[in-house]
Amino acid sequence: MIRFNCDYLEGAHPRIMQALMDTNMVQTVGYGEDEYCEEAREKIKEACKCEEAEVHFLVGGTQANMTVIASILRPHQAVLCVKEGHINVHETGAIEATGHKVMAIGGKDGKLTAEQIREAHKNHWEDGAHEHITQPKLVYISNPTELGTIYSKAELEEIRKACDDCNMYLFLDGARLGYGLMSEESDFTLEDVAKNCDVFYIGGTKVGALFGEAVVITNKALQEDFRYIIKQKGGMLAKGRLLGIQFLELFKDGLYFEISAHAMRLAKLLKEGLIKAGYKFYADSPTNQLFVIVSDDKLKQLDEKYSYEYQMRYDETSSVIRFCTSWATKEENVLALLEDMK
Amino acid sequence: MIRFNCDYLEGAHPRIMQALMDTNMVQTVGYGEDEYCEEAREKIKEACKCEEAEVHFLVGGTQANMTVIASILRPHQAVLCVKEGHINVHETGAIEATGHKVMAIGGKDGKLTAEQIREAHKNHWEDGAHEHITQPKLVYISNPTELGTIYSKAELEEIRKACDDCNMYLFLDGARLGYGLMSEESDFTLEDVAKNCDVFYIGGTKVGALFGEAVVITNKALQEDFRYIIKQKGGMLAKGRLLGIQFLELFKDGLYFEISAHAMRLAKLLKEGLIKAGYKFYADSPTNQLFVIVSDDKLKQLDEKYSYEYQMRYDETSSVIRFCTSWATKEENVLALLEDMK
Amino acid sequence: MIRFNCDYLEGAHPRIMQALMDTNMVQTVGYGEDEYCEEAREKIKEACKCEEAEVHFLVGGTQANMTVIASILRPHQAVLCVKEGHINVHETGAIEATGHKVMAIGGKDGKLTAEQIREAHKNHWEDGAHEHITQPKLVYISNPTELGTIYSKAELEEIRKACDDCNMYLFLDGARLGYGLMSEESDFTLEDVAKNCDVFYIGGTKVGALFGEAVVITNKALQEDFRYIIKQKGGMLAKGRLLGIQFLELFKDGLYFEISAHAMRLAKLLKEGLIKAGYKFYADSPTNQLFVIVSDDKLKQLDEKYSYEYQMRYDETSSVIRFCTSWATKEENVLALLEDMK
Amino acid sequence: MIRFNCDYLEGAHPRIMQALMDTNMVQTVGYGEDEYCEEAREKIKEACKCEEAEVHFLVGGTQANMTVIASILRPHQAVLCVKEGHINVHETGAIEATGHKVMAIGGKDGKLTAEQIREAHKNHWEDGAHEHITQPKLVYISNPTELGTIYSKAELEEIRKACDDCNMYLFLDGARLGYGLMSEESDFTLEDVAKNCDVFYIGGTKVGALFGEAVVITNKALQEDFRYIIKQKGGMLAKGRLLGIQFLELFKDGLYFEISAHAMRLAKLLKEGLIKAGYKFYADSPTNQLFVIVSDDKLKQLDEKYSYEYQMRYDETSSVIRFCTSWATKEENVLALLEDMK
């Protein structure tokens, strides 16, 4: 079975495993206050060109999302996102469990626009009964989105401006940030992310690490007491150094970007091959998740050798499925898949 | 200023005020354990023809909704309702503040169908990743709905059946239940409500009382420890007898239904008059809330003498507004309004 | 049965009932935005000599406590109070249900001291692992306390100073504030309360109203968006004017203080009579709650004619019980009780 | 610097690291549904001799505690534990953040007794106002406790019986369970834990794993939908196999018990050496945490070479500190410490 169903199929990049082996018997203090974490935080701040940022390491994405959101909002405030937003549909109500409504609106290609933010803000404050409605205070976007699409720099900057004008915060979920930034179609950098977001996270779980997400809080007003919230939400890893060691390796000499680029190269190979073979896509993704329309007959054939993520029925005889590439994908497997997809 | 903007503009029905005056200096125990509450509970159980029900008195609707819902659901379970559902849009995230997602789906005329419930259930359990999604466990409907529409007996029974088949509970918000039941178009009774719902409430605030909602829990499995939850959510009135005295008066000799019928008669008078005058409606409500399309010029004129609730712009030159009648509406005022609406 | 078990046995002061009758058919807007509420707010701000305060009317005490506390604290922050604090033992975990720990410490006579606040603050911040512990951020005191004792002006000012020094907020639960202020032993006024607390509430339920607590937020930093939180926690009364009308009557010409003084006069009469009759007290209360030690034989005799609140066993043959006087207590009943207590 | 301050100073046991290396590039499904997790679950159920148990793998202790507790309790229900309980003092209010009060009572040597449980139950239900108080429904104990003490089999069985009689559940926090079971003074086995608890967890983080706690739910009534709660609380590891691989290694051939025994042997060596050197203990721990009273002068000397956890001041010239041994402690380091402690 060759798996293409997601981008967290294997363990970690060999260099990360080696770093964990090398440091295994070193004694350190716990809870992320060790020297590896400290060094990794410095590397990430450098990469973001944002010295005043605070960097925290969490284990997973849902944890990162709920910790960040709960940390920012007062009880009556809500987070705005697109309907497909991960926090809206795939976290078993983790945000609501911290007491906050997710205000989901229909996006375009999985993306939110500056205009939609302005409109949501206006609708709220113009409503005579606004105190009876949750107050949109935080904007949540993902890059890449759940549909694999990415924001342009102009779009990101417009969203930032809308948030400023509306007195709202901007949080970017970067579970697959590396893949987004390394897409050929992306026109911005990690530095731009840091410049435009109040808080965001750099995903490790799907980009080479065993696990781990680096939350970067650039807005000083949101930095206070964040470690308390991590602890309360169950996200403070006892052996915090495990996160530091991994992110240190990822950001020491550009490994994070290098392995992201590898996934992007193979995604492109796969996408172009599929196009050539006549396949259509449900969403036009320039990143590592490809949403392909495949006949049910073909799927039956694929099932013998490959795994993919079933998305939904497309029409009577075909379905939408997802293929993912990742830092670990082998070119030979992509070629084999393309051969079998013909 | 003659007000038609809502159905909680005045105090209480004179008989209720008199009952409060008559009992004012009587000493009773607190927290709803007095004899008035006891007697009122019995009257309501009789009216519902449901001896095994438990009846609890709460002060207001949001309180009733959040107490009932929080009492029933486990953390990962959600409540299903239509987009316009009061809990979804007009309670400042009260349900989410108790930790639960409101799963809102587009209804028809403000109503949910049995088919939609079955579909939501199927979608959830067929999803391979259902553990990553909140589990729909409770159905919330209102009768009348937020658009003034009402369910038919057949619809209610189909919803009940869908809930049974899907292992879900059914909760009916009856903030305006009297008006719904007394609508000429309604084909079911309070007894049918009790027979088909696991829990519902009979609204007093909008139907003659100073305040108060009577929560009726017919499903024995949902009765345990409900008073703890009332207390925790801030809804246990110290002088609980105030609620008992009011509901006792409302259910002693049919006052609740009588005053509801009064509101319905005037709503009909108003609706027919508006139709005669050529007005169109945004929703075809057979109850005490009328959603009328009115030109902006006409609105300016109305503003001098009447209040209404502005709903939204309809087109470039007209808007949707709401008129309400209630137990307290005077026929002369309806006639005056109709005269001025010509 | 003559009841002395609590101070919410009757309805409301006759003047309040009359005001509710007089205004019953007046039409007003809802949710506390009517003219009665507006006027009552002004009266209360005058009485507090605090023009910049915000005043909000809530229905009950638990609701007021949980709304205020949830409004102020971030998720990791806790409220400090004495073990007997109402929020710690008699609100079914209402505060915890909003996500916050109640950090309870042993007080003296039901009171917290400035020194204890400083110590709690020091203990927290000196602990190397303070991020693993809830952060004390809000001090909750009651005046009178649950044991009927009251703070002196000096004590209150010291607590204020401690809160300032520790960067903590001060919240005073005034469910029985009138009785506290009108005690002969009290050396401060409502103005002093307003001057020293960030937020407090003036209890109506136990002091002449049918129900209602007036939350006064003097600290501008805590005023933002409070109405949203009221709505979310189920405390926004549809016919808000009911609260305005009652508090307007209570604060129009000093009725609140006058009826509080009445209760205090009868409490003194009762206390002195009990002392003369040889009774001992469990706590030395200068307010309307008297905690008396009574032999079990005597209690059996009392049971035939009087109600009291049983507190706990004192020794093998006697118990602690509570008698309360209130705005509604009749002198003749106190004299009858004293006669029977001999 | 030789560290004795806690038992999570190093990475993982070499065999675990090797297993992670060996499986690193294997592709598996996520979220704990892979074959390693499946096999590990079987091994643990065998070790517990409890075929009907459900086993779930979580990353850390606070996460395990809050997930288990939130899964079991209804909103008004509380968890009972000793004052020193980890959930009460060292989890930043994680339990309260899920809405539940921690009802802490003074234990003895960090342990709760069956009698205290019965008393808490009786106190609650005998109180006429019990609906105003959180309902104790779940008992939380740790073995070893926060003071390093352990329960006897008789004590555990009595607690089980008390829980049965009081209709309460029993949850055992086994963050250091291996050390507890391998203590020479322990008279019960993992099987006894499974037999007496409704739910418990087997700690990996402090006993040889990089991270991980295996929650074992033996009571079928508590098994439903637990994976939803894990996801909601942010505890569902994407690469769940990392937990399976580790626990599989720990339970394949008794490694968990073997390395726990190693820590116990060195703890005994250290304890006996300290006794011989004349030291007194703050608590008499038979497990891997030793709470020693040390003069401040001696501490200054130690600081140059060793780390320990400072607990509190003991008297004017001495303090209580904690030394821990673990699976990773080297005998030579214990001997060096003993030499320097002389």
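For this structure, a couple of remarks:
A, B, C and D are the chain letters, set down in written order, and residue numbers restart from 1 in every chain.
Here is the rule we go by: contacts are C-beta pairs under 8 Å (C-beta built on N, C-alpha and C of every residue); 3 or more make two chains touch, one makes a residue touch a chain.
From a predicted model like this one, the values you see are computed outputs, not experimental measurements.
Simply put, of A-D and A-C, more C-beta pairs touch at A-D. Farthest chain from chain C, judged by C-alpha centroids: A.
Centroids of chain A and chain B (each the mean of its C-alpha atoms) stand 42 Å apart. Inter-chain centre distance (chain A to chain D, centres taken as mean C-alpha positions): 33 Å.
Our note on geometry: chain A versus chain C, Cα centroid distance of 49 Å, whole angstroms. With touch defined as above, residues shared between interfaces to two or more other chains in chain B number as follows: 75-76, 91-93, 97-99, 131-132, 228-229, 231-232, 236. Across the complex, chain B is touched by residues 75-76, 78, 89-93, 96-102, 128-129, 131-134, 310 of chain A.
Listing the residues of chain A that touch chain D in their complex gives 1-3, 5-6, 8-12, 14, 17, 20-21, 23-30, 59-63, 66-67, 91-94, 97-98, 205-206, 210-211, 228-229, 231-239, 242, 307, 328.
Here chain D touches chain B in the complex through residues 31, 70-71, 74-76, 98-99, 131-132, 135, 225, 227-229, 231-232, 236, going by the rule given at the top.
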